[in-house]
Amino acid sequence: MSRAFRAEIRENLPLNRNHKLLTLAPLDPMSEPQPGQFYMVEVHEGFDPLLKRAFSLFRRTPQGMQLMYRLQGRGTAILGNMRPGSVINMLGPLGRGYPLPAAGETPIIIAGGIGIASVFSLIETVPARAHVIYGARTRDDLFMLNELKEISKGLSVCTDDGTDGQQANVLQMLDQVLGAHPQELADAVVYACGPRPMLRALSVMTKAKDIKAYLSLEEHMACGIGACLGCVVRAKDTGTAAEDKDRQGTYQRVCKEGPVFDADGIVWE
Amino acid sequence: MSRAFRAEIRENLPLNRNHKLLTLAPLDPMSEPQPGQFYMVEVHEGFDPLLKRAFSLFRRTPQGMQLMYRLQGRGTAILGNMRPGSVINMLGPLGRGYPLPAAGETPIIIAGGIGIASVFSLIETVPARAHVIYGARTRDDLFMLNELKEISKGLSVCTDDGTDGQQANVLQMLDQVLGAHPQELADAVVYACGPRPMLRALSVMTKAKDIKAYLSLEEHMACGIGACLGCVVRAKDTGTAAEDKDRQGTYQRVCKEGPVFDADGIVWE
Amino acid sequence: MNLEVSIGGLKMKNPVMTASGTFGYGEEYEEFLDLNLLGAIVVKGLSLQPKEGNPPPRVVETAAGMLNAIGLQNIGIERFVSEKIPFLRTLNTPVIVNFFGDSVDEYSEAASRLDGVEGIHALEMNISCPNKQAGWAAFGTDPKVTCEVVSAVRKRTTLPLIVKLSPNVTDIALMARVAEDSGADALSLINTLTGMAIDIRTRSPKLANIRGGLSGPAIKPVAVRMVYDVFKAVKVPLVGMGGIMNADDAVEFIMAGASAVAVGTANFINPSVAGEIALGIAAFMEREGIGDIRLLKGAAHAV
Amino acid sequence: MNLEVSIGGLKMKNPVMTASGTFGYGEEYEEFLDLNLLGAIVVKGLSLQPKEGNPPPRVVETAAGMLNAIGLQNIGIERFVSEKIPFLRTLNTPVIVNFFGDSVDEYSEAASRLDGVEGIHALEMNISCPNKQAGWAAFGTDPKVTCEVVSAVRKRTTLPLIVKLSPNVTDIALMARVAEDSGADALSLINTLTGMAIDIRTRSPKLANIRGGLSGPAIKPVAVRMVYDVFKAVKVPLVGMGGIMNADDAVEFIMAGASAVAVGTANFINPSVAGEIALGIAAFMEREGIGDIRLLKGAAHAV
């Protein structure tokens, strides 16, 4: 089955001034996605904008699937104006999602801002097992809090401006969570999606504490299917460890070997 | 008052499989248009398609104005998909419209196909005075026949396939009209808009019969306001007749000196 | 906040000019914007004698761009001076006359004819046009010819002389240095890329002239790159252009190294845009807390 | 209806190839189209040794186009032969290997290493890459260097040799003649136009490599013009590319003079497109009642 398919927009719901939730019904057979995988979505009528845009699977619904997106630039502005009934070309599910936690492991799942779009379905996959840490600039940028509470073991919320949860960042929250549950520390697995500085700091912290961590990265993409070599990050791939002289890593494709990488292998440049 | 304005789409009504009628309400002050003038209409979201498209004023309505258009290529396809409530950027009214017939003159107004969009408001301007000749490929491509009957002195319809009116072309119809009303021949003024071969043949015929004729021409346009020199046709402009050696004409801008030209002055290349 | 720039001796209240051939003789745009908002007006390219230009079709839309083969139609210097200058002199915006010839002599004569006309503040020399004496290859593609024609013109005018480079060359930095060494006070770039389009139904070129010049957003990356490369190569100020559609694009050219920018094809899409861009650059500086536009010039070279 | 074409001795069932660097090693697209629909598969450019390529960001979207600065990342000829050829040999579509080097010697050795590998049907030589020995100017921008490197490669391979021209030159017809005279069996054009983009918030180039190659619909008019000009200048068959998005675009290149076409950036927008274009060309010929694709070749020159 080809991962190229068309989908019809069912709903394009505003969540706040610059976030929307898109509900899509595939018109062609579609492969089952894994948490952390993503789609490439066409956003043009003419040839400008030209490239498809990458969006994580937010969640699977009985009718199809949902993407949650932030109005960022030209492509998402066009997507934001699309109405139910419109048909768009998509590719996916693409990339490698989050490796699921083993039976004895305790997932700590961290979302910064729109990063929630990537981890939500992972949280759903391990119901009532995950410690969820969710940070955003401000209260208005936090979505689905009720749902998150229901499906997680514990939800810790923080905002930069203190308008909801604690006035803290997700790293401070992670410290708290780990402090509050020391017995789980040994078996903790961190999963995270969010801005690059947050992920980078998380990788330093988890390495220092020797905690396994999987991070979902972003890079500009052209093809989304591993053909253009446009979306690389320097990381160590278990598959090519032999070439990995001096722990320098090699260029791995975010769209193929990623978007989820073992934090330990990422070489931040 | 600048001729740049925004207009809101009120209705975008399908007329048949490939023709639509667009009703627009200007959101900015708009100059009063003359029959035969046209507008430049923006049809993009990104930069592709890039250029505005030219459409004649079809008719003025109490709420605003109407354009009648044929689905031709990429720009009109995008326009065709626009919905009421959308706001588009426009320029106009542009160019020189039809010089109105003098009191004693008999207007013979000829439309080939979508050319009706250009002459309809002219017919309205001389109610019950014009002999209207309206030709199209087939019955389905004839629009507003009832309205035309009401506002003209006489309506002669022809189609290439004989599905409505006579199976004839507009030149043959003009011959008939002139034959049927010989007394008016001397004071006849022909106005026409339609495909280039039709206009060219009309110019030959009216010249041979020494009948005054005004033809509305089309050329590809970039600016619509006389700045780019992209839309020229070779013609004699009364204003620059001095330079007009050997009756060769000079390049005149369809968007500025036209779109309506004296048939006698056009040099068909 | 200081938006003033100086281009080879010409002072402008802000860096926004119009690109030759896209703004007529200025008057066409009067109803769409306050022409005094502009840093300078560059008029349609002029030659000694009026030129009729190419047969139609002359313009073709392409993806995010357009091809034009106007063929340098213009009313000639005499009519320009008598018919167009009087209006332009009512503005307090400097006027830059773009000109060309089909031989070195014609260039020189045109320059000397334009020199000293009141109401003309600078000259922009278009060297992308064909050289009659050299088998119609463009003046701006052979360093020797460029040197010859620019030097000849330099001798005949005391006005600030901007040489407008052709992008259809292997080494734009080399051509820029040649123009600078030959006496240019400033350089403008880029002119259009040579292109064409074919109508597959009629199986023939869409432009009557077969080839035309590609302009618009499609070419912006090429233009920005050339401004960036030329900025490293010469000392004279640069006027950047090619696909500028809004203030952000203009700022991009300035960061690449342009002292001023010219708005071209965008005038066709939105005839008020040149004024909006002048205001937009000021708004950008306001937002970013930049007091002087010159602080942005070449900023992308810092890294 | 005959769609078969021959490119410098390589027979193809139809004129549609993939453009190097946009189709991976072929296998990436297997799920999206029937690879046997294609006239030929051109793989990502290879060098003797694996190459790591440039740091990210490597791609930037531009108006109707994109810039890439992949930096020729590839797995090297050895791994290609051992890991990728086995899959490609299961197809009944010929495989063209695009290759490059950073010196004349590297080019020659790469060519000789590729010569005679079963499953490789032709070579495409990318001369748009920088020459270590000549201050990193591209091999394809100086006629002397082009002659030297193509002649050297010609001696080391008996496979059909396609030389891929750089568009960043003053006179593409001249470069084409040089490549032909140096032994090319066919020419492909165009490679990407050099461009760049600047992020005005960070005031720095968007690509880590600063400059990149512009591709996509934006460049089609330049590409069609170059194919048209080169068709007049040489006798060898041409492979046209640059912004082909659909069958109409492909036909446009054929009418300009291309014997075959390559689909590049379009593969990223629609990964099934190359097959659709092959079918679309046949549908066009059907509609227009053309029995042999060769009748369309250069049709736009008739006028």
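Labels A, B, C and D are assigned to the chains in the order they are written; within every chain, residues are numbered from 1.
Rule of thumb we're sticking to: contacts are C-beta pairs under 8 Å (C-beta built on N, C-alpha and C of every residue); 3 or more make two chains touch, one makes a residue touch a chain.
The model shown is predicted, which means the values in this text are computed figures rather than measured ones.
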| item | value |
| --- | --- |
| Separation of subunit D from subunit C in steps, with touching chains one step apart | 1 |
| Per Cα centroids, the chain farthest from subunit C | A |
| B-C or A-C - the one linked by more C-beta pairs in contact | B-C |
| Where subunit B and subunit D are represented by their mean Cα positions, the distance between them in whole Å | 47 |
| Computed distance of Cα centres, subunit C from subunit B, in Å | 36 |
| Between subunit B and subunit A, distance of the C-alpha-averaged centres to the nearest whole Å | 55 |
| Touching two or more other chains - residue numbers and ranges from subunit B | 46-49 |
| Contacts with 2+ other chains: residues of subunit D | 63-65, 216-218 |
| Graph class of chain-chain contacts, one of line, ring, star, complete, other | complete |
| For the subunit A and subunit D complex, residues of the former touching the latter | 1-4, 42, 46-52, 89, 91, 219-234, 250-251, 269 |
| Subunit A-touching residues of subunit C, taken from the complex the two chains share | 63-64, 217 |
| Touching residues (chain side subunit C, partner subunit B) in the complex | 21-24, 28-29, 31-32, 44, 52-53, 55-61, 63-66, 68, 70, 73, 216-218, 245, 265, 267-272 |
| Subunit D to subunit C touching residues, read off their complex | 62-65, 67, 141, 168-171, 193-198, 200, 203-205, 210-212, 214, 216-222, 224-225, 228, 243, 248, 251-252, 255-256, 284, 296, 299-300, 302-303 |
| Complex interface listing, subunit B residues touching subunit D | 46-48 |
